[in-house]
Amino acid sequence: MTQPDIRFDHVGVTYPNGFSGLRDITVDIPAGQMIGVVGLSGAGKSTFVRSINGLVPITDGDITVGDKSLRDLSGRRLRELRSGVGMVFQGFNLVGRATVLSNVLMGRLYHTSVWRTLLGAWKKDDVNLALDALARVEILPKAYARASDLSGGQQQRVGIARTLAQRPQIILADEPVASLDPPTSHVVMRDLQKINAELGITVITNLHFLDLARRYSDRLIGLRSGEIVFDGTPADADDAAFESIYGRSLTADDVLDAPGHAAGAHLGPAS
Amino acid sequence: MTQPDIRFDHVGVTYPNGFSGLRDITVDIPAGQMIGVVGLSGAGKSTFVRSINGLVPITDGDITVGDKSLRDLSGRRLRELRSGVGMVFQGFNLVGRATVLSNVLMGRLYHTSVWRTLLGAWKKDDVNLALDALARVEILPKAYARASDLSGGQQQRVGIARTLAQRPQIILADEPVASLDPPTSHVVMRDLQKINAELGITVITNLHFLDLARRYSDRLIGLRSGEIVFDGTPADADDAAFESIYGRSLTADDVLDAPGHAAGAHLGPAS
Amino acid sequence: ASLTLTGCGARETSDASATGASSKVCTGSSDKSAKDPKKLTLALVPSGDAKKLVQTVKPLEKALTKRLGIPVHGVITQDYQAAVEAIGAGQAQIGMLPSLQMSQACDKYGAVPSLQTVRNGKTSYAAQFFTNKPKKYCDDTPKKGPNGLMYCNGTASGNGPAGLDSLTKMKGAKVSLLQAASPAGYIFPVAAMKKAGLDVKKDIDTVQVTANDASVLAVYKGDAEVGTSYWDAREVVKPDTPDVGKKVVVFALTKEVPNDGVSITSKLSPSWQQKISKAMLDYSTTKAGVKALTAIYQITGLKKADPKALKQTQDTAKSIGLG
Amino acid sequence: MSAVTRQAPQAAPPGPAGPGRRPRRVAAKIVWLVITALVVAAVWSVDIKWSELADFPANLWKYLTLMFGPPDLGKLPEAFSATILSVQMAWLGTVIGIIVSFPLSFLAARGVAPAAVRWPMRGLFALIRAVPEVVIAVLILSVTGLTAFTGALALAVGSIGTLGKWGYESFESIDSGPLEATASVGGSPVAQMRWGVWPQAQPEVFAFWLYRFEINVRASAILGLIGAGGIGKMLTDNVQYRIWDGVGMLLIVVIVVTMAIDQLSGMVRHRIIDGTWKLPLLGRRSPTPEAKDTMVVSDND
Amino acid sequence: MSTAAKSAPPAKPPTRWKTAAVLIVIAGITVWSAFGVHVDFAAIVDNWNNASATIASLLQPDYWFIPGTGQAVLETVQMAVIATAVSAAISLPVAFLASRSTNPNNSLLAAVRFIMNIVRSVPDLLYAAVLVSVVGTGAISGIFALILFDFGIIVKLVSEAIDGLDVGPQEAALSAGGSWFKADRVAMLPQVMPSFTSQVLYTFELNIRASTVIGLVGAGGLGMLIDRVRTFYRYHDLSLIILEILVIVVVIEFASSLLRKRLAR
């Protein structure tokens, strides 16, 4: 049972409105790596991970996942590929009105027949798989709660359980810890890290925070304006790397009283 | 022109469903301080700041702002108080379909007559004030854009400009940097700090991240389960303080391979 | 109506018909202080093709305008209640209405039942039952009447009642009826059916139509087996469907229905009521007038209305639980 | 497997380790049972001759060919002017209905007016909806006579009932964030309505206005019966006399005109919501599912 | 924030004239319509109290008439229940086909929307009249007519609600390898249930009210009864019937707001 490698070959993504989301990306992601993708808002992080399961169609070059080329993959064959690629969404993308379990069972959709889907008559095996996934992320007791009743951190873990229930070979996580508090963020990141370590699943994680990315990844990819500006180990990610990724050095920002606030002289409290 | 002090006197907030959001809070906030409020999700941070302008009614004790007691303040008198207290919301609370300028002008509502409000016929002075506020947060060029067309960071700054246009004596900011990337977070926090320093406005900021709170506040207040568990300078906020606020030490979390994930033994990738 | 505004309820004084008119015959009223009208509206409820009515009413409008010296405008409404309410409120001053609505307009709003129409020398007519299955309903073989249309059971004369024995055969059939307010299309036929032991609600299958010739067409086109209308609405349809006289056979006539006529609103002064009545009477004696009136409702003349005769329709309606 | 980390992520109550029992959801089951029983009872008790359905397809085909094979082109001018009159009646009725219902529906919305004002308003809307259009029309007719204006007024009154209801429902379903913002700057109730509620409810309310206009065009058919003219009159004239090809012609005109209106109104609506013009019959959803709105109106607690 | 000089405020975009143009067009259409229907406000001023007597009697229902309405109310409710159930069942899938969010097939989408537009354009009265000719009078054509009105309405309102749903969960289902059908079923259906339920209840109310139209063609129910009492000026009876409809409308309104509150949380 080998995990597939992911290969970007001069990949470009141009959105229908003409905007280039990714430009000429060539990168190799061997199976089993834990990758952190960092960059400013709008740098193309989401576009990068979403192109891997075809949620964003690529317009130039090619991506291969294992031996399958993503170019022109569609219909049943695309769904098959997707069933092997789990995705954890920043906004959780849960059905708030459905139970936690139903949400996790969504990971089994590819393997469920149409009529079972229609009736919501899930296979016993799938239900067990889903319950196991919930146990793994430690929210089994919430299985029959409404997803909308969960706290943010719990919802994010339901998202991860859904991905686990899918039994994927690759997990893509698009900012899985945005708007979680630090302890919960660490829990989620460690979960992903453990899944990577124990099950050998390739994990690609978009992160806003360089420090989290540094701590939990084997390898960092820095994006800026749709191009790769950094690719290396966390140890390599020094201040220069930060500057190339974020467009300016951290140090300058840390200066308390930055100059240049000319305006607003008469903006004082009323009366 | 003196800024008002804020005084919490054995304040308790019980939500209509019986849940205690705040318990027996007694704290003194002298005018002109820059305060960071930290705590886990659900600790009561939002409840704390929202009680200051009466968005959440207090059920025990009393809050005094300057010489006014909040207990039983209502109608025109409550509106008057609110007009002096600016609020920056986590979710921005902008009217997406209105222009940026209209959103900022909403800060002037208290000083605008009914018919001007109805027609949206703002006073020239107010428009200038709003434009100055936009200039101060450096998004003046976007004045006539639809608020929904702005990026998250820009929207947050519109929220701050709205508060500035209000010419408040106190600014309450409920997680103003959640879901912003680090550089933008720093920009927003420095803005608030500058407003505090230059105009002497009291600024109370809820923050998820202890590091941001430490860096930008004169004083930290740590909440847990509706109670104050820490109150001191950022320098005092050591690991023990962290543990009291977040319920566990950071260090234990940082252990890479935390044990204890029993379930999911057969959760491997699909063949 | 009782205007004691109890706000919570009032008993419908159905058999006294609001003003206790069942004992008295309503002759209408007028408003002596009313100013002279500047224009008049004439409301017509079509008993036939409304579109043709629009054309044929033109000469009538013109003649009345000339005689009365103020503009007269004809409006067609498909709804009896609408016409009566319009006259009651003075929104229409003249109404050409069926007998029932003339009595109602008088009872409710004091509208003067002024003239009644004359057709074939009669001020009454029979309502007819017709069918597209003559074999089932005719006891004798259908014969051509003087107008070239087929009749059986002695209905060719047009004088009711006739052939009512055959009504019992209608049990279970589809029957096209007009709205409940139509004397010839509903009230008299249903009263006749009731006498023959048929319950409209249970024993037949109603196809609702809103005009007499539509009823004929419904039977002609097979949408219903039996239909009801005034005698003889088939003539209106004949120009468009020449074989209607063969396919649709009249097999029964009800007792005589008082003719329709002209009501005048009570919101006019007596002199104006007189003036209008006279103008219409006058016109109906001229050659052009006869031609125009015939074109509208096959009217051959007008004469002073007999309120007592008119009331028969109301009484018949009451006999079947209406009114 | 240290105990510390074991409990750490779960500050939650130490509930059962298992998934718990599947909830029974009794209330939902009862509701479904009642609904099913109602439907079954209705089907079982209603007086229907199912046998009549046997020749439904053949009959339908027959009438369709009568109407459209081919429609009576000679009736085109009449059909067109009847439809235009109906559109005029409907437009005027809708405009008057909006002018009256708009302020009233604010008074009926929760959080705006006290219950003593709110409930009578809602009662008024319900009452108007309970009165059949024909009855409304006959009442108005005694004031304005047998004219198309009566038709427009009847539609206006009818519109107040529905528009009022839709209005307060959409005012109540807005996101509370901007409303909170207007409150926190000290805005008066009027200011909160104008800037906290209205901008958010606006697209939905516009949509309802346009939709009601569409309904009014069709509803004007009934008013034709009482002498208001328009498609209703032509419709009954032709249906009564089984002039099916005339009906077909009228139908084509009505469909073309209402579809044109629908497209125009869809365009306007798109403009209000997305800020771009687009014909509703065409066009796909924008490929960015992370709608911008989610940023603006992200929920607050 | 850097040294960027305080930039001048941007020129105000010229939106005023666009707003003015739209307002002028609306005013123009209104004036045109006003001429078309011969607006006569003077008549309202002169005759406004003409209707008062009728309204006064309409305010006093004749409660003794209640038994007389039983059969008709029953018939109306029967027709409304059946029509609502059937139309709810058929319009739900069609609503999914008519929404851009749930139907990825552009041409199918356009076709469905086109047909639904036609279905909605046909006046209620015409459906009723044609159905009476096709199926004959009676409850069955009434039910058919109601189903046709409801179908158009539910599909329109629900597909618009679907357009406004969060497509995130659907995306999640797709990225788990589900087909569009499965994703719509699992991720979109639960989300749209509250608005579907409230629209179905709304059409139920409509069906009760539409009995007037249905009655005009002889399909029975309250509509025929209304016709009967009003043409004989039995306004107290008419008032009672309206009161009965009002009670049904209010009950439905209550049920609807209750359900909405429960489902929408």
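Here the chain labels run A, B, C, D and E in written order, and each chain numbers its own residues starting at 1.
The rule is simple: a residue touches a chain if its C-beta (ideal position, glycine included) is under 8 Å from a C-beta of that chain, and two chains touch if they have at least 3 such contacts.
Everything numeric in this text was worked out from a predicted model, so none of it was measured.
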Set of chains adjacent to chain A and to chain D: B, E
Closest chain to global C-alpha mean, per-chain Cα centroids: D
Centroid-based (C-alpha) most distant chain relative to chain B: C
Between C-D and D-E, the pair with more C-beta contacts: D-E
Geometric centre distance via CA averages, chain D-chain C, whole Å: 40
Computed distance of Cα centres, chain E from chain B, in Å: 43
Distance from chain B to chain A - Cα centre to Cα centre, in angstrom: 29
Contacts with 2+ other chains: residues of chain C: 81, 85, 89, 91, 223
Sequence positions of chain E contacting 2 or more other chains: 1, 4, 6, 47, 50-51, 54, 133, 136, 138, 166, 168, 171, 216, 230
Touching two or more other chains - residues of chain D: 8, 134, 138, 142-145, 147, 225, 236, 242, 290, 294
Chain B to chain E touching residues, read off their complex: 131, 134-135, 137-138, 140-144, 187, 190-191
Footprint of chain B on chain A - complex, ascending: 1, 3, 40-42, 83-84, 129, 132-133, 135-136, 138, 140, 151-153, 164, 167-169, 178-184, 186-187, 190, 193-194, 197, 199-201, 208-210, 215, 246-248, 253-254, 256-258, 261, 263-264, 266-271
Interfacial residue positions of chain C with respect to chain D in the complex: 41, 43, 49-51, 75-79, 81-83, 85-86, 88-89, 91-92, 209-211, 213-214, 217-218, 221, 223
Touch list for chain B against partner chain D, complex: 40, 46, 53, 55, 78-87, 89-98, 102, 106-110, 112, 114, 117-118, 120, 146-149, 152, 155, 162, 166, 179, 247-248, 252-253, 255, 258-260
Residues of chain D touching chain E in the complex: 35, 38-39, 42-43, 45-50, 52-53, 56, 59-60, 63, 84-85, 87-89, 91-92, 95, 122-123, 126-127, 129-135, 138-140, 142-145, 147-149, 151-152, 165, 207, 211, 214, 218-222, 225, 231-232, 235-236, 239, 242, 247, 251, 254-255, 258-259, 262, 280-285, 289-291, 294
